[in-house]
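After this come two complexes, each holding chain A, first together with chain B and then together with chain C.
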Partner chain A sequence: MSAYVALFKARLRMGLQYRAAALAGFGTQLFWGLIRLMIFDAFFRSSMTPQPITYQQTVDYLWLTQALLLILPMRLEGEIQQMIRTGAVAYELARPTDLYWFWFFRSWAGRTASILLRAGPLYLIAWLFFGLKAPPSWASAGAFLLSLFGASALGCALTTLMTISLLWTISGEGISRLLNILAYVFSGSVVPLPFYPPWAQRVLNFLPFGGLMDTPFRLYSGHIPPQACWAAIGQQFAWTVALILLGRWILARGLKRLVVQGG
Partner chain B sequence: MGLEDFAHRFLRRIALLGSMVGDGARLYGHYMALSIRAQMQYRASFIMLAVGHFISTGIEFLGIWALFARFGNLKGWTLPEVALFYGIVNVSFALAEGAMRGFDTFDSLIRSGDFDRLLLRPRSIALQMAGRELQLMRIGRFFQGLLVLGWGAATLGIPWTATRLAICFGAILGGAFVFAGLFVLQATLCFWTVESIEIVNTTTYGGVETAQFPLTIYRDWFRRFFTYIVPLAGVTYFPILAILGRHDPLGTSRLFQALAPLVGPLFFAVTLQIWHFGVRHYHSTGS
Partner chain C sequence: MPQIVVENLVKTFRVAERKAGTWGALKGLFHRRYRTVRALDGISFTMEAGELVGYIGPNGAGKSTTVKVLSGILIPDSGRCLVMGRIPWKERTAHVAEIGVVFGQRTQLWWDLPVIESFELLREIYRIPRREYLQTRDELVAMMRLEPLLDTPVRQLSLGQRMRCDLAAAFLHRPKLLFLDEPTIGLDAASKLAVRDYIKRLNRQGVSVILTTHDMDDIEALCRRILLINRGRILFDGALEALRAQVSRERQLVILLAHEETWVEDPDAQVLRRNGHHLTLRFDPARISAAELIARITARYEIRDLYVENPPIEEIVAQIYEEEAP
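Take a look at the complex of A and B:
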């Protein structure tokens, strides 16, 4: 276990070096947030019908989406992709560690670093100037943090799954693109999930993608009351375990037929 | 110097200019043919990429549809009307994105020092840049935009007179010019920053997101930015008002609305001037 902790720490420290990139990302996310805020603001001014989620809850949801966008499994591990392409992946197999957990913790650290760098400043600015409110209660805040941790693990399980699919290079890229799109839309980062029609929500609430953003964000604003958090977090956890098992199974199959080229 | 002599020299200049333009067009055609042939070597991959692009850009319209299903209207605009905005801006962007890919990936050219090679060739730099790659997969966004545009127009029952069609084509082409200009600006910045800076995406991709809706729904400062600085209003909002025959709360005339897309080529010409300025100040990063 200590090997994975050391790996996590080392990759985290490395990820935290990329501050300039984070700053550039910060500006872009802020601008996007403003566009989206104005669009939703205009929608809310256009109709008197009560909505399934209040204006303030929507504002919180939108800003949290911008601040935590990197929780989505969007980027593949570039280095691992390179390793598979060049055949250097053979070195990975020689390590006395479990390959799945090695890749899992590696990308978890990298993702946590970039999330930490971007989320804080954007949250602060949105809270100071653009209408983001603190959670309504300490219970909501606690539930949010807990499920944020769950979302980060879930996102990492999905990323690792995408990384593993690269062992089948060509079709692997197709799979990761598809996962990418599904996660982007069905997590609620395009339109908050409560706005979709009720029949669609039954499906969306079952899928793993809502656990990436929708669950923590609704817990944050109290749209899901804190006492109901255990079912939501339990579902995140169940999906994470399922995806890890799936990833390990696919990896084992992939390694069986892996041919490393050249020396 | 006789009048005849002058006319002769004038005509020769024109002929020379004409052959230069024709030559450039031929060269660009060559580049495109090469690029298309290269991409067609991986036909299955191309089809997958294009279909993926179609779905991933089209799925956003589902979000807009869901919002209209909840709210009914957007400050008095209906879903089919917004579909016109969405369709036109996406088709424009797909054209620009496909044709200007060379500018979009300019930072790698600068970093590797390969830009020097372009400078050595006796042809227009901008032409060589645009000819680097024609990204065919962008056809995905093109068709999904066209589909949404067609659906919106059919639902509204727009009578497609020659004038309306001309305005619609003008808006699409003008929009492609505006986005192409933005890609040129993005590349020009690389002369100084070496790296492509993400913030430019706020005007390209952010511009698409913004112009998918009528600009009057936004705050004034924001609307002004996308009217006077990045002139997207001229290629979406104004011409679409003319197509819909809607009254403009900003009080512009129909003639102005119909001619507004001309701002696209104008903007593009200005960005090309800035680009030339950048080329003159280029220092190679070395090999």
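Take a look at the complex of A and C:
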């Protein structure tokens, strides 16, 4: 276990080096956040009928989406991608570790580093100036943090799955684009999931993507009351376990047909 | 029991082929042709603990494939393979904890991390107790003179520096067996010497080494035994001297002439090369002894210097490769 922790720490330090990328990401997220805020502001002003989610809850939802966007399985783990292309992946197999967890923690560490760098400042700015409110209760805050942890694990399981697909596709561009768009739309990052029609919500609530953003953000604002958090977090957990098992199975099959050329 | 037992190892790869050009690419869309390459075509050998074996052969001979099978990375199609009593790919995790690998064209260090942090990570990955780790690390740092490199990110190291660090990284967990796949590739003379010295020292401590290389100087400097492989088959297994004897017994006499225009002739030796004052003769020691030939030459011509040498191992190996070429 300590090997994974060490890997985590090293990646975290590495990620913290990239300040320029974090600053640029921060600016972009703030800009888009403001535009989306204006769109939903206009929507609430022009609409007479009661909405499935309140204005304040929507504002919280929007800012959290902006702050934590990198929880989504946006991109492949660059380091592993390069290793598979160059054949250095041979070294990964020459380590006395379980390859799946090795990759899982590697990408978890990298992702957490970039999330930590961007989320804190953006949350603070949005809370100070742009209408983001603290959670209504300690229970909601606790449920949110727990579910945020679950979302990060779930996002990482999806990223690792994408990474494993590299054993077949080498470049991985296609699969990562596809998953990226699915996750972006179905997690509620474009339009919060409560705004979707009821029939769509039934499907969306079943899919794993809601667990990436929708679940923690609705727990934050109390749209899902804290006493109902266990079902929501349980679903995140179930999907994470299922995706990890799927990833391990695919990886085992991939390694059997692995060809490490040259050298 | 030998440390490594390999019997009849076979590994094939399927390579997709297409004809050149647009038409070839289009045809490939509908009908893909595969060619089967037998990278290993029935390899057998054994190796005792503490041996240092040079594994040589032309590009694409199957050297790296063998190393990858032995280190548990690739699964062979058929054949038996036991390394320290284990089947490498069946018990990969336990197996790799006891071996060290270096693939010369790649690095096992973390590109963005300072060398020392890569070492620390490896300590965790191999679960090396701290005391033992510090001792091994300091030993290696002294042996390979790594002190000034430790705080540099790997991406900023030169190839020679990186290779020294890579070799140290492969030995941090004190493996009993090292697989070194072209560790001297692309290195300058000084780095090569450092690498050879390191390999020699570890081997003297009892570590077994399988060394693949194209550099015959590596082989001459290090290996008592060589395995020569081509097109997936072992062509020769034995001492370097035996290989030399098998191919040719010829020796070479290099003479430095006093006058460039001297014309040297001898019934028992042929002129191989002529380069200014330098003249290389070749002779068969079974027909004429070196002493006799030297006596004859020095009596007849004005000579400034001379020495006898074996034909370079490169020439011998090239000769075998050529004989074997399809």
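Note that the second predicted complex is superposed on the first by the 259 of 263 C-alpha atoms of A that agree within 3 Å, B and C clash if a C-alpha of one lies under 4 Å from a C-alpha of the other, contacts with A are read in each partner's own complex, and residues count from 1 in each chain.
The definition used in the following text is that contacts are C-beta pairs under 8 Å (C-beta built on N, C-alpha and C of every residue); 3 or more make two chains touch, one makes a residue touch a chain.
Since this is a predicted model, take the numbers as computed values, not measurements.
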Partner chain(s) touched by A:Pro198 [first = chain B, second = chain C, both, neither]: neither
Chain A residues touched by each partner, larger count belonging to chain B or chain C: B
Contacts of A:Ser2 with chain B and chain C, given as first, second, both or neither: second
Which of chain B and chain C A:Ala42 touches, first, second, both or neither: first
Which of chain B and chain C A:Pro50 touches, first, second, both or neither: neither
Which of chain B and chain C A:Gln17 touches, first, second, both or neither: second
First (chain B), second (chain C), both or neither touched by A:Gly78: neither
Which of chain B and chain C A:Gly27 touches, first, second, both or neither: first
Residues on chain A lying within both footprints (that of chain B and that of chain C): none
Contacting residues of chain A [partner chain B, same complex]: 21, 24-25, 27-28, 31-32, 34-36, 38-39, 42-47, 49, 51-52, 170, 174, 177-178, 180-181, 184-185, 190-191, 195-197, 200
Complex contacts: residues of chain C adjacent to chain A: 13, 64, 68, 71-75, 92-94, 96-97, 99, 101, 103-108, 110-113, 117, 120-121, 124-127, 181-182
Residue ranges of chain B touching chain A (in the complex, touch as defined): 45, 48, 52, 55-56, 59-60, 62-63, 66-67, 69-76, 197-199, 201-202, 206, 209-210, 213, 217-219, 222
Contacting residues of chain A [partner chain C, same complex]: 2-3, 5-7, 10, 14, 17, 79, 86-88, 90-91, 93-98, 256, 258-263
